[in-house]
Amino acid sequence: MSALNLHPDRLFPADETTRAIARRLYQEVKGLPIVSPHGHTDPSWFADNQPFGNPADLLIKPDHYVFRMLYSLGVSLPSLGVPSKSGIAVEQDPKKIWRLFADHYWAFRGTPSRMWLDYVFKEVFELDQVLSGDTADAYYERINSYLQKPEFLPRSLMENFNIEYLATTESPLDDLRHHKKIRESGWGGGVITAYRPDPVVDPDFEGFAANVAKLGDITGEDTSKWAGYLAALMNRREYFKSFGATSTDHGHPTATTADLSHAECEALFAKALAGQCSAAEAELFRGQMLTEMAGMSIEDGLVMQIHPGSFRNHNPNVFRDFGRDKGADIPSQTEYVNALKPLLDKYGNDTRLSIIVFTLDETVYSRELAPLAGHYPVLKLGPSWWFHDSPEGMRRFREQITETAGFYNTVGFNDDTRAFLSIPARHDVARRMDCNFLARLVAEHRLPEDEAREVAIDLTYKLVKQAYKLD
Amino acid sequence: MSALNLHPDRLFPADETTRAIARRLYQEVKGLPIVSPHGHTDPSWFADNQPFGNPADLLIKPDHYVFRMLYSLGVSLPSLGVPSKSGIAVEQDPKKIWRLFADHYWAFRGTPSRMWLDYVFKEVFELDQVLSGDTADAYYERINSYLQKPEFLPRSLMENFNIEYLATTESPLDDLRHHKKIRESGWGGGVITAYRPDPVVDPDFEGFAANVAKLGDITGEDTSKWAGYLAALMNRREYFKSFGATSTDHGHPTATTADLSHAECEALFAKALAGQCSAAEAELFRGQMLTEMAGMSIEDGLVMQIHPGSFRNHNPNVFRDFGRDKGADIPSQTEYVNALKPLLDKYGNDTRLSIIVFTLDETVYSRELAPLAGHYPVLKLGPSWWFHDSPEGMRRFREQITETAGFYNTVGFNDDTRAFLSIPARHDVARRMDCNFLARLVAEHRLPEDEAREVAIDLTYKLVKQAYKLD
Amino acid sequence: MSALNLHPDRLFPADETTRAIARRLYQEVKGLPIVSPHGHTDPSWFADNQPFGNPADLLIKPDHYVFRMLYSLGVSLPSLGVPSKSGIAVEQDPKKIWRLFADHYWAFRGTPSRMWLDYVFKEVFELDQVLSGDTADAYYERINSYLQKPEFLPRSLMENFNIEYLATTESPLDDLRHHKKIRESGWGGGVITAYRPDPVVDPDFEGFAANVAKLGDITGEDTSKWAGYLAALMNRREYFKSFGATSTDHGHPTATTADLSHAECEALFAKALAGQCSAAEAELFRGQMLTEMAGMSIEDGLVMQIHPGSFRNHNPNVFRDFGRDKGADIPSQTEYVNALKPLLDKYGNDTRLSIIVFTLDETVYSRELAPLAGHYPVLKLGPSWWFHDSPEGMRRFREQITETAGFYNTVGFNDDTRAFLSIPARHDVARRMDCNFLARLVAEHRLPEDEAREVAIDLTYKLVKQAYKLD
């Protein structure tokens, strides 16, 4: 059994000169409120404010970062209690699941999951030995008992975590009942929604036509026609805005955009509703919808986020037996220079529009995204995402982006997580890595320290609120 | 107001051991003459030797690095005085433009522009506060008054900058009158030309057919025929050589080369002149012309430079209103292994030929360019270019190139700039970053310091003169 | 003449804190036996145990790392004694060849070849001046005389190098006579074979149809039919296993896999035998054979290695005059996410199967390979390969792989070399670079030192034996 330590200098460069600068910069930002403008936490937690479940339910079963690693090393998903949609029997005993996880904790060495989990174990659950088979049961008991305390209820955690804003992500078909309940409760916790229209703008989405019909029912628009469909989408944007939404989000396979004529749009939409789109036509339709969304954003001011490039559900057996979001999404090469051009040709110079672009393909940082964002007024760069939400990923992001796009075409950190407890850990990693990068610039006399301090605060807090219009 | 400092150790690693080595290496190279074998300064400056204009004319309006960043953050091009070709009214007051720039100087934090500008402000204009809204007017006055001094005339600056050679870049249609005037003046300043035939070898270039006809007029060759066209191109190469040219330069969208039959060349050339090339045919013609140019280089000894991979004028509105070179050129993915093969199959083993290859796509450094240059005798690698002409870009270049291609398949630094005043700053960054890289090798006992010293001198001076045949 | 030193801290970070950690970690692994599970040494060396030839024969003529660099700088292959298959006269005097090499030793500054060679010169041949024109003759004499000593016979070197396992690579058509002779000699030196079926599974391989016919002769199967062909391949796998093979190896141009119907396989195989495959069909056949090999591996337990992405023999003139493996193989872009899908759809979740994937395209580390290996139980990642078997290449590998795939989806080091003397040098570089990376994690408080120590031992020894089933 080894002691579990969170060293105060963790993630800072070993060189003493640089480390001292990083420490000073970090002092300026470590206490700033967390602004989490994009993520996937469950709004019912904050609406209902009930205790979280047991350690396995809370920390293992829903965390695809965790079970994808164990699965890759031969641990079966049923043994980790991951629910099966095809009726495979899965482990029910949360203590057994927890022990299996603990027995493999070595697998996470060198990964961000290890850092986030250690942070949660130490800071939230006050554990002080490293997790292992030996400490598994003690961990389980400690976490389980803490989860029953009132200060571990979702709203209390949110307050203790010093989270000023927390955006969830919902489909236009969602009635936002949890957000309504939060609002009606009078709790001013800063939970807001974001508009994610994939289910009604992607012809390949399961149940697309039915979804579009349902959109018509909800809004009273005739969504069997292009004009009514657009009106319905706009209508829901307004509804989302009334629950605090300041942004939309688009998770397409590629960054393709299009700018078709009205007649082409109508014809393509009819095909999509009829389920007759080829793969290329579905892609074109999604691309057109990004441009439509940009046009709506100019009208209503919602900030667009584009998250392209994930090959979803790459493993058909895992998808069949366990469904979506089971660690089987794989990035693929993603092109932006030609893909975004139709949208940019139309709206790229309109300063009322703001589009935050993300990537899973790091090769585009210096080649495509920084030059695009370093020219177009509408483009800003989202932080290093998903697989790259990690110390090395963040370092590469800043090293490859900054010289062309600067700091002020970026938007601060997104945790983008469904793992609520990990939010402070993730923001802490981002703050430390930004200070790490800035400290190197200062130590190498590339930026005066007073300016670095200002940048650190901007990246942690000011730019986030500004980019997501949360002021 | 903060003090403006150029720390003597800037860009050196913070680690004291490594920094001390870098300092020693830099001492060996900092005083060496600048050899600038590729760039875009205006030869009329040196021909006429008149004072430069006001600060905005000199440092903002022509520098797309500067106004692209401001534009990306919402500052309009007219407000920066960027001339419009479509008749948009632009700001005429250079002081207002300068103030607007100064108010946004924070935007350049972490960029090479900031380093270059600070160097110019401190070393050339002897300013000692950081530029900001507060110091804008004082800056303007200081720069404006210095520009009237005799030691700020172009030729004096060139001498004071210790520039041994400075290559400009001209089209074969250029009569080189400025170069002639320089020569006739008796001033031995080392200004030479370089041959950039894009306007007469790229069917997509504005006015291609007219350009080719003009080429015929100039040379007395029948450029309506393939044979006469080649003879005319060769003729102009000789003319350029008589004004000191030792190199050609080719700025194609891709690295495509071709090796067509004589009959195919004739047919394709006829199509090109008739304006009937498809996009693929235009690409093929440009590719064929690279191979033709290589053949001519074997005859006349001019070194070839290939600068592929820029998607020019990506923003149609900016192009319409402000024209070329307005910060809207975006790199795109660029392939070399298949693209260069036709040319290499024909000439790749001919040691009389020397081709310097550049890229805007850093992913090819370790995968394609270093292996190619580490095998083919004709290939050498140009330095990190344009968006990658930066400390991190230079570091990635050396880290990803050296282990396969070594140092001796590279050619030293190119500033590639039209910003004359920034030339010493840019070469200083390159020298420091090479010493930085070498110092790490020495500190990690991967290269003895005496050999590193030799390499530093080679990279700064000897390899440049050798690669560009400037001895 | 400069002293030749192998500094005990070479390749460790300069920062004293980190270096001290690296030193401690390295102490734990430097003495561990070498396990070399994949390479290209000649088994006849160990079968016959005769002295190696002269310095040029041993260290220059067979080492494409060495002569590709000299060739790229204008040194001709004949002058280096590289044998010509087209009858070009080549230098016969090994002393002259050695001197030519020595005169250009500066060309290797900053390359891994320099590190490996210096290690061999110092550790094996006890030389203590840096190689140069001045020391060329002394080097020649020293190496030449040492090679005659009994302790420089292949088996003695293998023992002195502390090599526990050394895998060679043979075609299924090979009778493994050298391996038989080794076995019959009673020498227990750990030399084993590996199964590389490219000559009989790649329709583009020289003599494919004849090779398949020969495969039939050897095995007594009717290899003119698909079923007999598969049986023959399986038969040879068993034979290879009887000589210690635990793995297969596949050197295809891409990572394409396929999963065709039985009828399609039969038809495609018939076309391949008839020499009538288009390029796409040859690619498809190779892809199908990877899936077939995976199926066989599930049966017989051989670990699969896939080494895709080399454009072989890129230089036709060098190929014509000097043949394969002459430094003219160039990596090209290589895609895995779609390419591996057919195989993974069929076998990706079968924990009996183990596939080790390599790449020459570093852009896929973080984007494709780490996410794939961090999910699929059958996938593991081979170490940085060929051009990337270098300090910077190893650093990039760990930095870009670890955060998503962890350490335990990797398999330790492969030297992959035909240069027997360089094996200890190469493993030493890998051990140092792993300790370097781990030391940074420890110094930045990202991993406790006791766990880093365990990881270092795992990467050096345990994971290799486990991944290649050498226990």
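A, B and C are the chain letters, set down in written order, and residue numbers restart from 1 in every chain.
One rule holds for everything that comes next: a contact is a pair of C-beta atoms (placed from the backbone, for glycine too) under 8 Å apart; a residue touches a chain by one contact, two chains touch by 3 or more.
No experiment lies behind these values; they were computed from the predicted model shown.
The two sequence copies chain A and chain C touch through a face in which the numbers common to both fall below half of the numbers used overall. When chain B is laid over chain C using CA atoms, the rotation angle comes to 120 degrees (nearest 5).
Inter-chain spacing, taken between the CA centroids of chain A and chain C, is 40 Å. Each of the following residues of chain C touches two or more other chains: 13, 15, 363. Within the complex, the chain B residues that touch chain A are 2, 5, 7, 9-16, 68-69, 71-74, 106-112, 114-115, 130, 311, 314-318, 327-333, 360-363, 387-388, 390-393.
Those residues of chain B that touch chain C in the shared complex are 13, 15, 17-18, 335, 337-338, 341, 344-345, 348-349, 351, 363, 366-368, 370-377, 379, 399-400, 402-409, 440-441, 443-448, 450-451, 454-455.
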